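Consider the two complexes below, in which subunit A is the common component and subunit B and subunit C are the respective partners.
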Partner chain A sequence: MLRYVIRRLLWLIPVLLCVSLLIYVLMDLAPGTVIDSMITEQMTPEDIEKLRQEYDLDKPVIYRYVKYMWGFFHGDLGKSQVTGLSVWDSFISRFPATLKLSLVSVVFGAVLAIPIGIFAAQRAGTIWDNLTTGFTLIGTSMPSFWLGLLLLILFAYKIQLFPAGGYQGPSSYVLPAITSGLMMTAITARQTRSSMLEVLRADYLRTARAKGVPERLVIRRHALKNAWIPILTTIGMGLSRFLAGSAVIETVFSWPGIGRLTVEAVSQRDVTLACGCVIMTSILYVIILLIVDLLYAFVDPRIRGKYASGSRKRKVTA
Partner chain B sequence: MKRFKLVLAVMLCVLSCFFFLAGCGSDQGNGKDSGEDTEAGGVKYREELDVIIDNTKIAILDPHSPAAGTSSATWAFQMIYDTLVADLGDGQFGPDLATRWETEDWQHFTFHLRDDVYFHNGEKLTAADVVYTVERAKENPGSAGHDKLSIVESVQAVDEHTVEMTLQSVNVEFLYYISDSRASILNQKAIEADPEKGTWIGTGAWTVSDFASNEYVVLEANENYWGEIPKTKKMTLKYVAEESTRLMQLENGEAQVCFSINANDYDYVESQTDKFVTFPFTSNNNSYIAFNMNDPICGDLNFRKAVASAIDREEMVASAFNGYGEVNTLGTFWGFRTEFKNENIPIIPKDLEKAKEYLAQSNYNGETVEIVSAIPDLIKTAQIVQAQLAEIGINTTIKETDPPGISAYATYADNKAQMIVYVGGISLNAGSTKAYFYPYGSYNRASYKNDEVIALYDLAVSQADPAEREATYHKIQEIVAEDLPYINLMNTTFLVCCAKGVEGLKLSNLAYHDLTYMYMIEE
Partner chain C sequence: MGSEINDRTVQDNKELVLEVEDLIVHYVLQEETVEAVNGVSFSLERGKTIGLVGETGAGKTTTALAIMNLVPDPPGVIKNGTITVCGHKMLDLSANQLEKIRGKDVSMIFQDPMTSLNPVLTVGDQIAESVMLHENLSYSKAFKRAQEMLEMVGIPGTRATEYPHQFSGGMKQRVGIAIALACNPKLLLADEPTTALDVTIQAQVLDMIDDLKRELGTALVMITHDLGIVAKTCDLVAVMYAGRIVEYGTLEDVFDRTMHPYTEGLFNSLPDISNRKSQLQPIPGLMPDPTNLPRGCAFAPRCRYATAACREEQPSRREVSETHTVYCSAYDDPNFQIERTRGRGGNG
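Moving on to the complex of A and B:
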C-alpha cells in the first residue's frame, strides 16, 4: 500500500507541472497584464517600462514560468504581483474559511443524502422513490447562486434568522452550507440509491433475509457495506470540489475563501497568486482523491485483500 | 416503520442543528444587536458602524503599493493616516501635520511640523518620517504614493520638525498632491520592523485592529489622537461581493452604511424614508467615447463630428444608468468638478441630418467600426451608442473586455482600438487632465497629440497666478473641443445609503469619501 501511496503522490509532479503551465499560458493569452491595473495618472512611459522589467514582462512567458516553478520547487510560492503579500500567507489566511465550510457542507450533504438514498432504494418504484428522485433532480439542476439568494431572502431578510453573508460565528455557516451541501445531497442521494438498488437485489441479501436476519441489519451490515465505494467516491469528489473553492457560493455569501481569492487574482492578472492558488488546490484535490482510494481498502475487504496479496506476491518473488 | 423513524430522526437532528445554529450568531455577525451606545450631551451615538464599501475593495493598507490606488483604500487611509496639508476645497489648503509651510518659487518648499503628534505605536512624528515617506514612495512606481510624490527631487530634514523639499521643476499643484491620502506620512521604525504590517501604523484618528485583504478592515478610534476624537468607537469597512446581499445586510441591520447599492434599487431605498437616509454624489470621472486618432476612419474629424452629432446622452443616462447621472453639457473633455472648467464651450447637439452630412464628408465607407468597452454599465452604454450610430448608417461591433484588457488594448503608442466607450478618472486639479491629452499620457486612449496643447500644459504648471492658469487651461479645452479626440458623455450619480441617524459623512466627487467623523445617532 505504501508503494501505491508513493506512486500516487509522485503523480502530483506532472499534474502540478501541467496545471501551472496551463494557468501561466492562459493568463498570458488574456489581454492585459498585471501592470495594466496599476497605471496611474502621472506615470511616464519610463515608469511603465521599469515596471514591465520588474515583473519580467519584457521576457517570454516560458522564462517567467520556469522562474516561478524554480521558486516553487524550492518551497517558495512567490509574492502576489499586485499586493506584494506572500502567496502562501494569502492562501493560508483564506484556507480555514474554505475548509470549515467544505467540511460542514459535506457533513450536511452526507448526513441527509445517505438515509434519503437508502430510503428511496428500499421503496424503489413507489411514490416515495419518485418524490426522492424529484428532490434529487431539483437539487442537481438548481443553480447554486439562485438557491443561495432565495435562502438569503427567506432566512436573512424575511425571517432574519441568519446573517446575510459574512464569516462570523456558527450561524454564518448555515446558509452557505445548505446551498453548497444541497447539490451534494442530491448527487450523493442518487448515487446511494442506485448503489443500494444493485446490492439489494443480490443473492447474498436474499440469503441473509431467508436466514432471518432483521432487515435493519441486512441493510446496515450487508447492503450498505457493499454499496459504500461509489458513495465514498461521490463524497470525496464533492469535498475536493468544495476545497477548490466555490467562487459563486463565496460571492453570494461574502465568504472569504479560496474561490474568490483565485477569481480576484485572475481578474487582476496576478499570475503568481492565481498560479499559487491553482497549484495548492490541485495538491488538495489529488490528496483527497488519494485518501478516498485508501478508504476503499477500509470499507471493502476485497480491496484490502488485493493490497495484502500484492505485498505477499512481492515477498514470495523476492 | 422503524427505518422511517430513523430517517425522520436524522432529519430532525439536522433541523435542530439548523435552528440551534441560528441562535449562535456572533456579535460581529449580527450588527443589529452589537454596537452599544455612548451617550454624550443627551445624544446617544452608536459605538460600532459596519460600512459596505464600493466595488473597488481594499487590497492592501500601504499607500505606496500599486494595489492601493482604489477609492475605498483612500477612505481607510484618510482614517489611519494624516497628510502634511489638508485640502479645504476650491484650491485652498490648510494645516494638517504641518502647521505652516513656505515657498517662494513653487519649487522649493519648507514644512514646519506639529510637535505633539504620535504614531499609533507611540513613536513621535519627526521630520525623518516625512523624509522616509517621500523616499519610499519614490521607490515604488505604479503606486498612487509615487504618483503624488515622484516630482520631489530631494527631501531633507532641517531639524526634528522642519522638512525641506525641492521639486524637479516648478509645480503649482504640489499642494494638491501632498494633501492626497496616498501621500500620507508613514512611520519609518514601524515599517522597518515589520514591512507588511508596519504600514498599518499612522498618526490618524483611527487605528487598525484587523485587516483581511479585499475583505475587510476593522478600525478603532484613536483615543490619543492629536485632533478631534471620533464619536464612533469602532468601524468595519467590509466588501460584500453580491449586490442583493448588500441591500439585505442594510435592511436587517448588519450594516449601517452601503456605498454600492445596485442602481436598480435606488428608487426603493429612496422610498424607505423611515429606515434609510440617502446621500447622492456625482462622480468627477467622465464616461466618454475615445477615438483612435491614428485610425484611418476615426482619425477623420468629420467622422468624429458625425458621431458627436448622432448621440443622445439622455437616453444613455436613462437606459444604462437608470436615470442616475448628469448628462454632460460641456463641449470639451474635462472633469465634472475639475478646476478651471471652460463652461463657454457649447456641446455638439444631437442632429441626425447634420450627422449624416458630416459622415458623407468623412472617410467612412460602410466599414464595421469596432467599439471596445469594459464594465457592465459601460458595455450597456456602448450598445446604446451602437444603436444610435446605426441610425446614421455607421456599422459597429462591440468588443467586450475588462479594465486590464482595455488598458492593454488602447495604449498611446500601440492603440489597437478604433472607438472606446469607457470611464476615466480625473482629479480636481486641472493638471490631472494631462493624462488624457499629453503624448504617452497614461490614460491617453485616443493616441492624441497636439504640440500646442503640450506647450500649454507645460506653461500652466508654472503659472502661480490663478487667473493666468485659468486662461491657459481654458485654451487647452478650446483646442481639445476642436480636435474632438474624446466625446464627453455623462457623469454617474451614485447613492450612498445609510441607516437613519447616520451623519458626519463627507462625500467627494472623486469618491475619496471621508468617513473619519461619521457617526450614528440612536433614536
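Moving on to the complex of A and C:
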C-alpha cells in the first residue's frame, strides 16, 4: 500500500513538469507581457529595455522556465510579478474560500445525488426514472455561468434573499453552492443510477432477499456497497475540479478563491503567479484522485487484496 | 395428491412442509409472454426430499423462486396458484411478513456460487446477517453462530472474516449452504447446487446437504437435471416438461416403473457404462418455445408414441398407484406400454 502511494506521488513529477511547461509556453505565446501595464509614456526605450531585462524578457522562454522550475524544486514558488507578493502566500490566502465552497458544493451535490440515483435505478423505465433523467440532463447541460446569473437575478435582485456576491457569512455560500452543486448532483445522480442498475441485477441481491433481508437493507447494505466505486470516482473528480477553483462561478459570484486568482494572474500576464496556481492545483488534483483510489480499497476487499499482495497474501484454498 | 392434503389426520402425522397447488407463472415481456410454469402441484412432508427434474427451461427454477415468492417482478407474474410453506400462504403475505419467513422457514441454495455471494461483505457477516434478522441475536453472538455454521460445512471458523473472492468455487457453495441453513429452515430449496462445481466437489457437496438434511430434519426440494443426483438424494421425483409436471411418484415409481415417454427419453439419453459401444439415444428435437406452447401435449412433437389426439388436447391425468401419477394420453389405451417397461417384461 505504502509503495503504491509513493509510486503514485512520484508520478507527480512528470505531471508537474508537463503542466508547468504548458502554461509557461502558452503564456509566452499569448500577446502582451507582464511589463505592458508598467510602461508609462514618460519611459525612454532604455527604461523599457531595463524593465525587460529585469523580468528576463530578453532571454528565451526556456531560460525563464528552467529558472522558475529550479526555484520550484528548491521549494520556492517565486513572487508575483505584479504585486511582488510571494505566490505561496497569495495562494494560501485565497485557498480557504475555494476549499469551503468546494466542500459545501460537493456535500450538497452528493447528499442529493445518491438518493436520487438510487430512486431512479429502482424505478428504471418508469415515469419517475424519466423525470430524474430529465433533471440530470438539464443539470449537466446547463452552463453554470447562466444558471449562476439566473439565480442572482431571482434571489439576489428580485427577492433579495441572498447576497449577490462576496464571501461573508453562511448565506453567501447558498447561491454559488447551488450553482456548482447542481451540476455535481446531476453528474453524480446519473453515475449512481447506472452503477446501481448494474448491481440491482446481481445474483447476490437475490441471495440477500432469500435470507429475508428487508428491501431497504438490500439496497443500502448489499447493493450500494457494490455500487460505490464509480460514485466515489465521480465525487472525487468533482471535488478536485472544484478545488482547482471554478473560474466561472468565482467570477460570477465575486468569490475570492483560487479560480479568480488564476484568471487575474493570466489576464495580467503574471506568469509566476499563474504557473504557481496551476502547479498547486495540479498537486491537489493528483492527491485527491489518489485518496479516491485508496478509498476503493476501503470499499472493495478485492482491491484491498491486491494492494496487500506480497507480504500477507493468503492463498486461495480449494 | 389432492385427497391427502385435505385429510387432517394425515397432515398431523406427516406434517406437510410445502404444498404447491396449480401454480402458474408467466414472464410478461413487451412483445411476448413466456409461459414458464403452467399448473404445477406437489407437496412435501417434513424431512423428505423431492427432486424436480427436467431440461433447462422446464420451469424448475421459476417454481422454486415462486415458493419463496421471489419471482422477479417485473417481468414475472404469478397468475394462479397457492403455495403453503409451513402453514403460511406465501402468495398472500405482505413484503414484511415474507421477510420474516424467508431465511427462517424456507431458504434457498443458488445455482452459481460465484455470483450469489456478495463480494464486499465477509462470509461470516453474510451468514450472521440472517441469524441476526431472524433470531434477534447480537452481532457477536450471530457471528459466532456463523463460525459454527462454517465449521459444519467443513470450513475453518477462523475464515469467517474473509471475503468470497478468497474462497474456491466449492467452498463458496458451502458458504451458500451455510447461509441457507443458518436458521434451521424447515424447507430448503436447492437450485442445481452442484451444476457449477467440479465433479469431485459435487459429491462432497451432495453428501453434505444429505447429512445436514438428516441432522436438521429439513425437507428439501432438489432441482436438477442430473438423474444420478436424483437417485442419490430424493424420496419423490417430479419430472417437469415445459412448465408442467409430466410424471410424479416415489423414486422407485419413476426410476423402476417409468411411465411417461419423456422420462423414458431422459433415461435413454444417459450413457450406458456397461455397454460403452452403445449409441446414446438423445430425445429428438428441442423444448417447445415457451412463448408459443402447443395446444396439446407439449412433448407431443418429440414423442415417438404421439398420436393426432396428443397434439390436439392436454394429456389426461392417470393415477397409476397411490403414489404414482402420469400425465399422458397414450395410457387411455389400456394396452399401451413404453419400450423401457416392455423391455423389462411388463408394468410393475
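In the analysis below, the second predicted complex is superposed on the first by the 309 of 318 C-alpha atoms of A that agree within 3 Å, B and C clash if a C-alpha of one lies under 4 Å from a C-alpha of the other, contacts with A are read in each partner's own complex, and residues count from 1 in each chain.
We adopt the following convention: a contact is a pair of C-beta atoms (placed from the backbone, for glycine too) under 8 Å apart; a residue touches a chain by one contact, two chains touch by 3 or more.
What you see is a predicted model; the values in this text were computed from it and never measured.
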| item | value |
| --- | --- |
| Clash or fit, subunit B versus subunit C on superposed subunit A | fit |
| Angle at subunit A between subunit B and subunit C, C-alpha centres, nearest 10 degrees | 160 |
| Touching partner for A:Asp203 - first (subunit B), second (subunit C), both, neither | second |
| Subunit B versus subunit C as contact partner of A:Arg190, first or second or both or neither | neither |
| Which superposed partner A:Ile153 touches (first subunit B, second subunit C, both, neither) | first |
| Contact breadth on subunit A, by residue count: subunit C or subunit B | B |
| Touching partner for A:Lys79 - first (subunit B), second (subunit C), both, neither | neither |
| Partner chain(s) touched by A:Glu215 [first = subunit B, second = subunit C, both, neither] | both |
| Which of subunit B and subunit C A:Arg302 touches, first, second, both or neither | second |
| Shortest span in Å between Cα atoms of subunit B and of subunit C, once chain A is used as the common reference | 12 |
| Overlapping contact positions on subunit A, where the subunit C interface meets the subunit B interface | 215 |
| Contacting residues of subunit A [partner subunit C, same complex] | 202-204, 206-215, 221-222, 225-226, 299-302, 305, 314, 316-318 |
| Subunit A residues touching subunit B - in the complex, by the definition given at the top | 30-45, 47-48, 50-51, 82-85, 90, 93, 108, 111-112, 115-116, 118-119, 122, 149, 152-153, 156-157, 160-166, 168-174, 178, 215-216, 219, 250-254, 256, 260-261, 264, 267-269 |
| Of all residues in subunit C, those that touch subunit A in their complex | 68, 70, 95-96, 98-104, 107-108, 110, 112, 115-122, 126, 129-130, 133-134, 162-163, 165-168, 170-171, 176, 179-180 |
| Subunit A-facing residues of subunit B, complex | 2-4, 6-7, 10-11, 13-14, 18-19, 21-26, 28-30, 59-60, 62, 65-67, 69, 141-144, 146-148, 150-151, 196, 212-215, 238-242, 244-245, 248-249, 251-252, 254, 401-409, 412-413, 425, 427, 432, 434-435, 440, 442-443 |
